[in-house]
Amino acid sequence: MVEAADSGSKPLLSPDGIRTDGRKIDEMRKVKMEVGLLKNCSGSAYIEQGKTKIIVAVHGPREAHPKHLAQPGRAILRTRYHMAPFSTSDRKSPAPSRREIEITKVIREALEPAVMLDEFPKTSIDVFIEVLQADAGTRSAGITAAALALAEAGIPMRDMVAAVAVGKLEGRVVMDLNEEEDEHGQADMPVAMMPNVNRITLLQLNGRLTRAEFEEGLSMARRGVDQLYEMQKQALREKYTSSEPAQEED
Amino acid sequence: MDSVNSISEAASLRLRDLNAVLATGVREDGRKLDEYRNIDIKTNLYEKADGSAMVRIGNTVAVAGIKIARGAPFPDTPNDGVLTVSLELLPHASPDFEPGPPDEGAIEMSRVVDRGLRESKSIKYNELCIIPGKSVWIIYVDVYALDHDGNLQDAAGLAALAAVLTAKLPEVKIEGDTVTELETKRPIPIVETPVPVTVAKVGDHLLVDPSAAEEEVSSVRVTMTTIESGVVASIQKSGSDSITMEEALKIYDLAFARAKEIRGKLTAALGVSPA
Amino acid sequence: MVEAADSGSKPLLSPDGIRTDGRKIDEMRKVKMEVGLLKNCSGSAYIEQGKTKIIVAVHGPREAHPKHLAQPGRAILRTRYHMAPFSTSDRKSPAPSRREIEITKVIREALEPAVMLDEFPKTSIDVFIEVLQADAGTRSAGITAAALALAEAGIPMRDMVAAVAVGKLEGRVVMDLNEEEDEHGQADMPVAMMPNVNRITLLQLNGRLTRAEFEEGLSMARRGVDQLYEMQKQALREKYTSSEPAQEED
Amino acid sequence: MDSVNSISEAASLRLRDLNAVLATGVREDGRKLDEYRNIDIKTNLYEKADGSAMVRIGNTVAVAGIKIARGAPFPDTPNDGVLTVSLELLPHASPDFEPGPPDEGAIEMSRVVDRGLRESKSIKYNELCIIPGKSVWIIYVDVYALDHDGNLQDAAGLAALAAVLTAKLPEVKIEGDTVTELETKRPIPIVETPVPVTVAKVGDHLLVDPSAAEEEVSSVRVTMTTIESGVVASIQKSGSDSITMEEALKIYDLAFARAKEIRGKLTAALGVSPA
Amino acid sequence: MVEAADSGSKPLLSPDGIRTDGRKIDEMRKVKMEVGLLKNCSGSAYIEQGKTKIIVAVHGPREAHPKHLAQPGRAILRTRYHMAPFSTSDRKSPAPSRREIEITKVIREALEPAVMLDEFPKTSIDVFIEVLQADAGTRSAGITAAALALAEAGIPMRDMVAAVAVGKLEGRVVMDLNEEEDEHGQADMPVAMMPNVNRITLLQLNGRLTRAEFEEGLSMARRGVDQLYEMQKQALREKYTSSEPAQEED
Amino acid sequence: MDSVNSISEAASLRLRDLNAVLATGVREDGRKLDEYRNIDIKTNLYEKADGSAMVRIGNTVAVAGIKIARGAPFPDTPNDGVLTVSLELLPHASPDFEPGPPDEGAIEMSRVVDRGLRESKSIKYNELCIIPGKSVWIIYVDVYALDHDGNLQDAAGLAALAAVLTAKLPEVKIEGDTVTELETKRPIPIVETPVPVTVAKVGDHLLVDPSAAEEEVSSVRVTMTTIESGVVASIQKSGSDSITMEEALKIYDLAFARAKEIRGKLTAALGVSPA
């Protein structure tokens, strides 16, 4: 918050393209993924992306509740994106904010194209995304982890889903904003994609991009999604080759 | 095949038929695929509001009213005024709308209107500061969806924009910490015209400004808000389907072209343009 | 609001019976009514009475929702009276106030005697009254417009309903208070009537009236209702003789 | 025929029978049509409240408790104290009452109690001012319906009135902006006694102080609050039926006559009358 | 509240074991119980314990509402503990606090062991406890009165239930705290018991007790429950021998 | 016979079987009746929190995060800091948990955690005072139940305790009414370690640290929080059954013995003990 007052005086990108946390323009933050750490749900995943820390659980397919929500020909997908009161600089009220309600919706719509809902008529598949620490990119990291948790729950999917936010700093398009960059940068564009079928399932933008920057941002997001997809596959492999329960924290 | 996720079987039959029709390049209401409906804009409807506008897009109507009040700035932006957008889908507008607190869809819609105005940075928030860190202007924009024949998102966004463009706030005299509102008024400082345009995907086709019938069979809509220079300031993909990168870029082109036309109508109708 | 402090010093009625807005004691404000401006409902009406501006829509008869509200032998009438946040001098919170909840009830009970609910068993007829600008007399203008919207929706009615508030200024009974008169006057009595059967369907009073003033107020309200009823008939005629869509605002 | 709108078929059969009985001039409980039930009033029941009263009308019971606190006046009445009335239909009172936030009927009832006290202007709000524009007395009146055998509206209104008439507020010492509450107390300044009387219409008959059984078949009730001089200060028609102008005037006459009797009982029971 | 600041300087117990209100260590406050004062419920009771004043009504057994709450093999017991806005030193908001929600639960669980719920399948027995004046010991007095109201309603019970809070003042275990003792004392332990089967149905503690004090507290509560049980029986006898309606207030 | 009140028929059959097994002194998971599961404690997980801890008891997991802020004291304790405990049963933890505002059970659980920390008076609230009557430290403890295999109450209580024991608050410089937070930090002043231990009754048996399967057939649980000296600072009986006085005392003995062991593990894991 201290940076807010004098953000103008501190460039977010050095002349030779180095960001305040030492990353290069197209470099993602350090990412850690783990699958299956929770025992009383159908599937779970934990992700750290920089200082952003998120835990996701999936319950279902199970009887839809309340019953009138059940659809005859397919499962319904329910999501919840929520931030812990201790996840932010100032304590966040536990009541869902309008922002959390919107993100809950766009995350659901980012996952729905991939989940084969017609295989489980009348049921509900519930995805709960809890942000334990927020340092920008929580919706995209939440989607990446949610797809992992769905996979562990054995829900059939057309494709994986992974997501990353690209942004603009000092006129340059960059990969995976951290919180300082998100607050003082010029644009923030989260993008979720299905990596194999090459389709966008979430697309939002806050900020100012020219057409060329928009196009460059989409391409950079595509590269980020590819990197995350490789990590997702690796995390699932580790889960199924290890007999030891995973450790979610060091 | 992805597109049947969230639409009913009846709708999916209708979608098959419609897809064939659209292949001819003409929509059910006679429009071309990239054609916007007629737009009608009225302003200054309510004397007690500090600004107001009604926007009609075909048979879709939205109203926006503005109230301006003095209040404290946010701690992290002590020199900036505050913009607050709320939106209600009035039960008047459709048999499907129930009165009550806004649901997920209405919240998303109001946040997209809000970001369209905010993220473009077209409003000079620092010129809404009265006493740094203590007192700023708070601009409440309340939008009502009044009649729903599709594309409420753009109607709401344009009504909010027209209301902001024609709203007035009092000049003030500041002595120490005492603020006196004068009789003279000035406009809200806005230097660009961020215009939202929504494009729906129906089958394989991109339809500008979807009608209610088109929205029913569409599973993705994208709203892009662009300004004069072509800069896109806000994007929202909504709906349970996916798009390709090529479609994203095509939507940008459609949105920018239509926004340009709408911006012309807006300036003509209001007799104002951003400072 | 400025008037509040020195209201004592400014008479609301001149010695020769002229009010601050130039009206005579028994003169109604300028009224404008329009029918059928909204396209996606069963019926609609717009009214301006002085600076009070209200839009009403009717949906139904339609399946009652939630279902347990349905009545076997008749329709239920649902109403909602609500004020827009920008309709008042200070912004009004959009959450329904206790005042709005009470007015919703008395408006419903003012319309129910006229609506032939037994013709539509198990259904719901929903009347939504939105105050776009409030300058006193909103509940009575809302009733007048609601009856018009019900008529356009083709709901059979025993009689029309129209309403007006009478009041007391400087000891005299007067017709149709405006906001200043309502705030600083001595009494405010909204009255709704069915004009042909000559029966009162809404009656409230805030303020102080003697028995004689009460009786005079009822008679004056009766005369006001007659005037409004003529305008209602005219507005419906215009709707059905015009093929052009009505314009709700100049 | 209008009167069957909101009452069930069984009730409408009962109404036909009752209408015949009432034509004889006697009600099911032996009262005449214009006769009030026995009223019992107790005050000062709760030491922690600043005023309290329990009113019993036959088997109908309401309790009111008053808490007085200092607070800010409303901006448009900087010299006036504030009265706040809330009412809860306790689930104790009837198998039909559920706990929870007040429904439409309870909100109406509390607002009618509130207006009965407020609109009569019998309370001298300007004598509840401590420091103009800054500090005034806020009088919270909380009313509980405790046992429901009809006409809770009057029981609630009388309990609130009796509690206000016997409540005490502290004298204060004011030095600059510092307010010190003293040990000595004074009554709430009230100069008249606004008494509510409810009349129900059952069939063609006007019944004063309806019992629960009578309310069940009644489709209109009118509550009028009158003061000593005969001035009516508050009226509320409630229920889904209509009345004639003649009935309205007859209800006024009944309400004024009964209020006069009740006012006598109140003064006798409390040993106080308005200053 | 004035006492709070200097509570250290004012002993709650004199050297010879006398409390600030003149009671001895094991002396209960004056208790008054009355049964059957409300007419439109299945059973009711009123209790005064010192300045604590509570009124309880029971409705049922009756159809469970909403219906999905009904249990096939037994009645459900619903309770509500609530404080009147005027019951406390500062006005209490009428919305249920977290404290009231917790007490509602522990009171229900204090009554459930005694009520023969299996005699009334699919029904609901509803116990409403309203605190009209709060001066400590409200949950225990509420339980004592609730058991009386259940008895008047004719609900079959395995045993009566009565409750009292014991506490610790200046290192001594004492009976039935009043508000001042509760606020400034060292411990507060409400205990509900079924007196004939000698079993504890509510047990809570706030404060600090050694094992010996805990044991002594339980024994003292047992003696308090015995006294209250005798008064309960007396109150029920009075109800059934008197044809006069009871007076709930002097 | 009392014990069947609130458990289903299936559960009551399971209870009969389990009762026989427990008579052998061994539980389904191999533990002895008075044996606690393995405990794992991690702290300082979240940099943005002022303190945090994760506690795992078998497959039960709870997380606690602490935020510390300056605020006004309660009027009746002007010299004391404030502790605020909230608890959410995350839907992650069990298919039976729904998101939304806490229900009765979650509220009870959070209040038991709160009282365990508060009523022991182990935290020196007066050392959390900044300016008497004006400014004190407010300690928000937010607890999440993350994985539910029984005894969430103890997991939540231990996570809250471990978070408090390792949390840090800033030193301050006070000049007049101006408070400046310094870079240096100090621990929350806590002088004892109040440890909660829950014992469930299943049939005639008292089981320490019940698993989810055991809780399902248990109709009473008692949580006792004890400190080093053996003083019990908080008790909560939960569930629709009764216990004897002898059982109450036996539960105290079990709780004190297990708390002693847990306190050792806590000190070892955290490398801290109360000042």
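Quick notes
Going by the order they are written in, the chains are A, B, C, D, E and F; count residues from 1 in each one.
One rule holds for everything that comes next: a contact is a pair of C-beta atoms (placed from the backbone, for glycine too) under 8 Å apart; a residue touches a chain by one contact, two chains touch by 3 or more.
All figures in this text were calculated on a predicted structure; none of them were measured in a lab.
Under the contact definition, chain B and chain D share the contacting chains C.
If each chain is reduced to the centroid of its CA atoms, chain A and chain B end up 27 Å from each other.
Centroids of chain D and chain E (each the mean of its C-alpha atoms) stand 32 Å apart. Inter-chain spacing, taken between the CA centroids of chain B and chain F, is 49 Å.
For chain E, residues touching at least two other chains: there are none. Contact topology of the protein chains: cyclic, one closed ring where each chain has exactly two touching partners.
Around the ring, proceeding from chain E in the sense that reaches chain F first, the chains are ordered E, F, A, B, C, D.
Across the complex, chain E meets chain D through its residues 38-41, 44, 51, 53, 55-57, 59, 62, 65, 80, 82, 84-91, 94-95, 126, 128, 130, 132-135, 249.
For chain B in complex with chain A, the touching residues are 2, 4-6, 9, 75-78, 104-105, 107-108, 110-111, 115, 119-121, 222, 227, 229-245, 248-249, 252-253, 256. The part of chain F that touches chain A in the complex is made up of residues 42, 45-49, 52, 54, 59, 61, 63, 65-67, 69, 86, 88, 90-95, 98-99, 101, 140, 142, 144, 146-149, 212.
Interface residues of chain E facing chain F in the complex, by the touch rule stated above, are 1, 4-5, 73-74, 98-99, 101-102, 104-106, 108-109, 112-113, 117-118, 158, 189, 194, 197-211, 214-215, 218-219, 222.
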